[in-house]
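Below, chain A partners chain B and then partners chain C, in two separate complexes.
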Partner chain A sequence: MKNDTIYLAGVYTRTIMKSWFQYKVDAVLRSLAVFLREATGIIVIYFTLLKFESLNGWDIHELLFLFSLLFLTYGILIIFFTGLRDFGRTVRNGGFDRFILRPRGLLFQLIFSNADWFAAIGHGSLGIVLFVISAGNAGITWSPGTIIYYTAALIGGVMIQGAIFLLLASLNIYLLETNSLKELFYWNMRKFAGYPVSIFHKAIQFCMIYIVPFAFVNYFPAQYLLRKEDMAYPSIYMYLTPVVGVVMYLAAYGFWRYSIRYYNSSGN
Partner chain B sequence: MIIFEHVCKFILSDVNLHIPQGISLGLIGPSGSGKTTFLKLTCGLLEPAAGSVYTMRLIPEKNRRKLGSMTGAFFADTPFFREEDTVESNFRDLKIIYRMQDNIFDKEYYALAERLGFRSFEKESVKQLSLGQRRRAELGALLLSRPKLILLDEPTEGLDQTARDSLRELLMERKMEGTTLVISSHNMEEISAICERIALLDHGSLRYYGEKELLLRHFAPDEVMEISFSGKMPDLEDLPLRHYSLHQNKLKLTYNSNYVTSAELLRHILAQTTITAVTTQKSGLSEAVSRIERGEKHELY
Partner chain C sequence: MSFIEVNEVSKAFRVSKRSAGIPGMLANLVVPKYEKKQAVDNISFSIEQGEMVGFIGPNGAGKSTTIKMLSGILYPDTGSVRVNGYIPYRQRKEYVGSIGVVFGQKSQLQWDLPVIDSFELLKAIYRVPDEIYQTNLKRFIEMLDMSGFINQPVRQLSLGQRMRADIVAALLHSPRIVFFDEPTIGVDVVGKETIRNFICELNARDKVTMLFTTHDMQDIEKTCKRLIIIDKGAKVYDGFISGIREAYGTTRQVDVEFVEDCTVKPIEHVEIKELDAPGGRKKRFLFESREMQIDSLMSSLLADYAIRDLTVSEPEIEGLIRKIYNGEVAR
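On to the complex of A and B.
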């Protein structure tokens, strides 16, 4: 049997992009809508923060750099994990049964058979805008070493969030409804992650490092590049993002493989 | 090909049966009797709560991917296509998913598109299709990779007569090639035309499983013959009739075809009078099914 998995991934991607970008004006407007929706939130925060000199030593540009990492990783994430974001709906409307009945890997089909390109563009371009505004002003010195570090941190950050999506999708097999869990553990934590971890109560810090480790998505990578004085954790944490990403993803994948055996379609 | 041993799941309780390869089985029974559950157990979408299911010697829910390459399953409530894409591009995806070679795909696709009549809307996106159009394309997609086992759950709902006829033809051809078919339907004519075996489910238990002919002979042996005659009224005294009625010159005879054949009746009547027209009507599968469902006891099993 020839291995044509990559070829199939390519075909899927092409078909999906064709259908998402079928209507050019619509595609531009809807991507713009996502961009503006997210940007408005940032603008509100920006003006609020202007009132303060700094937040635990982080000035406005450094804070925007934190945000840029969140948006960039989400922009990449959603290209690959739309199928897992929408997994609950796919199960409910019977679409998951279709995947099961086909002779291909389930996760492969979920990942490649859809991608929310408008979210990817909206979040991704906001991430780029924030990066451009903040990276220079925050005084990061770019060298081959920091560029490699930054890339690894981005990939690690995507994997951490991908693992959370995969874990929630696995739970969906038992619970049938995980939107509120996602709201609580993903979106709420993500709101905290816009700010330096050090400003929060110890319990929340603990959550953001060891439970839903958003701190590894942006805070610790930013610490490596900015070296702020509020760093109260072992300096090894600044290097762990890719490791945390890989480990979490593998663990979530194991749980997914285990859970999928218990999937049961609806009866009658 | 398919084995059920003491299977329980949802409404199904202690279902046992063995479906050999190449058989075409009609799965019938009232709504909620467990037909869809039966089919979903067969292809691994459901796991039995007790007992075991084997499909092609495999435990379905543990071998979903392997079974997927050999099985075509159609469920009315499972979307088959990506809604945003055209029919044709959905088929092109399937070509790669099932690892079909270009020339084989082209041959199968164009043949199915012509016969099921979805060629005319192959460039339209799936979400714009009517139910009937969508069904035709879905059934084509199901047959595309020539699966060894075909499972159909109410396949003809929403299909017009032409499409029904094409589907019936296609299924008969596949059956000749050795494909195993399991079709659940409320349409007895459909089942009767395609299937040689019948499984009748009622409230989750198997009320009948066996040859269709046997079922008909035991549960629907009645035939009705209408005779128009000119001349004197024939004497029917010695004939084993269930009952008869007379309207002017039209005689309606109801009889059990296991006891007397239409030829014997005609011979008897022709000897006494002149016949101008004859029609006979067998009672069908639906008659047999309703008699079983009404709870008529029979020593058949």
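On to the complex of A and C.
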């Protein structure tokens, strides 16, 4: 990116921060609300799982580690991809027309002109809490190698989910509204992703690995660090997260570039 | 080659067509039916640099669609658009830096932040150099009398204030061409006047080329010399505003107040309307200027009746436009 582009990204970020935190009490409460909403789900699962020794060989801390990857990647994702999450609304209220009228890249504007900091803080801090609780207890040995691997896996996980958002936003150009698709393919599949993929029916496993590859967001990276015995997949999968992320993102970007030519404003 | 060239441009939208009720909805789900709606139908016009042109038409006539094609948001289906040497929808990034667009109905300001923050953001987006930004800002704030609310959050502004801020937002990067899409909508009389004066001055001093859509004919009469009227996607008039009267304003109206109550016997080609009670003193005479000369009407009236007062009026532009929209006058 050119200097000037980075500068603009900075100005955007400053503007969003100012807007979001215009109402300070509300800002704190909303972040807290997101945190609690997500944490409640985890607490329920936590107490349910305490009744079991393990799930396919995964103990409670190892399961929490799986969750921590989901929340951390989402926390990072939403800083950059809020604009794509809300793309349908932006198109319908004419906001996208305004982006077209400005001499900057469309995807760049979508990515940097909006960021849901409440979701980022809520999900991110829950991810950090879960990571702190689980990472030590799950018996991961941290070395420069594993730290680099973990960072690459995080970035790959963010890109995989970013690619899904970008794909849905592209479809939005033809369909005008894709919330139900997002519900179906993103949020529902994400619910499976909280657990080791090996516990599910083969069809679901197939979906989680090859269709909406959440398994690469948390299961395979966790396998690399934890080496559980249910790893019935090619061991190369443990290294593929960044590759899957980059490939998926590039493919989604290609589709976006292709689709954007068919954009037909929203009427008045 | 003109500054803005629009050549035989057409644009159609596909709208889903649905029968009423739940059965209709279900039928549509199984076999979606679409209808082609021709928003713009073979329009051509050209505008020279520095011209200020009013662009009007009834709701749904295709004004916004045309503006969207001119500004690069939409591709035309057929025909070509060229502005300042650019093809707007092909050379978007190079082109849009030289234009400004004001959508009266859609603000581009940051709702929760002071006006000045939106301006600073736009400065960064358009890469406006510091000196130019400061000069423009200072000048516009003064011209539009905005110093009182520049530091207020946009959500606290009145509609008139917000509109002025939105106009400045579209001009900070010194665009060569500005498209105004209903820039006075919902603004009070004083506010409208301020905005019109500002627009006139911008055109006169900076030679900014402007295309101006509105539903308020006074906006046009006070700012533009030239007028383009479109209806149902097609151009129906393109010329001077004064030319409208010559082309369509052939009806004359004479209001006469007689000295005493009377009934006027019918005159050929003239419609007589009672303004008072039937047989009263005030009457209106309407006629087509090609069918009846005003002096022959007057002499026939004066021969038989005593007249106290009379006014001859030309049709108002607004009334003419209404007639054009309604299809009452031949095109």
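Keep in mind that, in the parts below, the second predicted complex is superposed on the first by the 263 of 268 C-alpha atoms of A that agree within 3 Å, B and C clash if a C-alpha of one lies under 4 Å from a C-alpha of the other, contacts with A are read in each partner's own complex, and residues count from 1 in each chain.
Keep in mind that, in the parts below, contacts are C-beta pairs under 8 Å (C-beta built on N, C-alpha and C of every residue); 3 or more make two chains touch, one makes a residue touch a chain.
All values derive from a computational prediction rather than experimental measurement.
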Joint occupancy of chain A by chain B and chain C, clash or fit
clash
In the overlaid three-chain picture, which partner chain does A:D26 touch, first (chain B) or second (chain C), both, or neither?
neither
Scan A:E177 for contacts with chain B and chain C and give back first, second, both or neither.
neither
Superposition-derived comparison: chain B or chain C, residues of chain A touched
B
Which partner does A:Y7 reach: the first (chain B), the second (chain C), both, or neither?
both
First, second, both or neither for A:G94, with chain B first and chain C second
both
Set of chain A residues, in rising order, touched by both chain B and chain C
4, 7-8, 11-12, 15, 18-19, 22, 93-94, 97-98, 100-105, 261, 264-265, 267-268
Under the stated contact criterion, what part of chain A meets chain C in this complex?
4, 7-8, 11-12, 15, 18-19, 22, 93-94, 97-98, 100-105, 261, 264-265, 267-268
The residues of chain B that touch chain A in their complex are 9-11, 32, 34-37, 40, 43-47, 61-62, 64-66, 68-69, 71, 73, 75, 77-80, 82, 84-85, 89, 92-93, 96-99, 125
Residues of chain C touching chain A in the complex
13, 64, 68, 71-75, 92-94, 96-97, 99, 101, 103, 105-106, 108, 110-113, 117, 120-121, 124-127, 153
Residues of chain A defined as touching chain B within the complex:
1-2, 4, 7-8, 11-12, 15, 18-20, 22, 93-95, 97-98, 100-105, 113, 261-262, 264-268
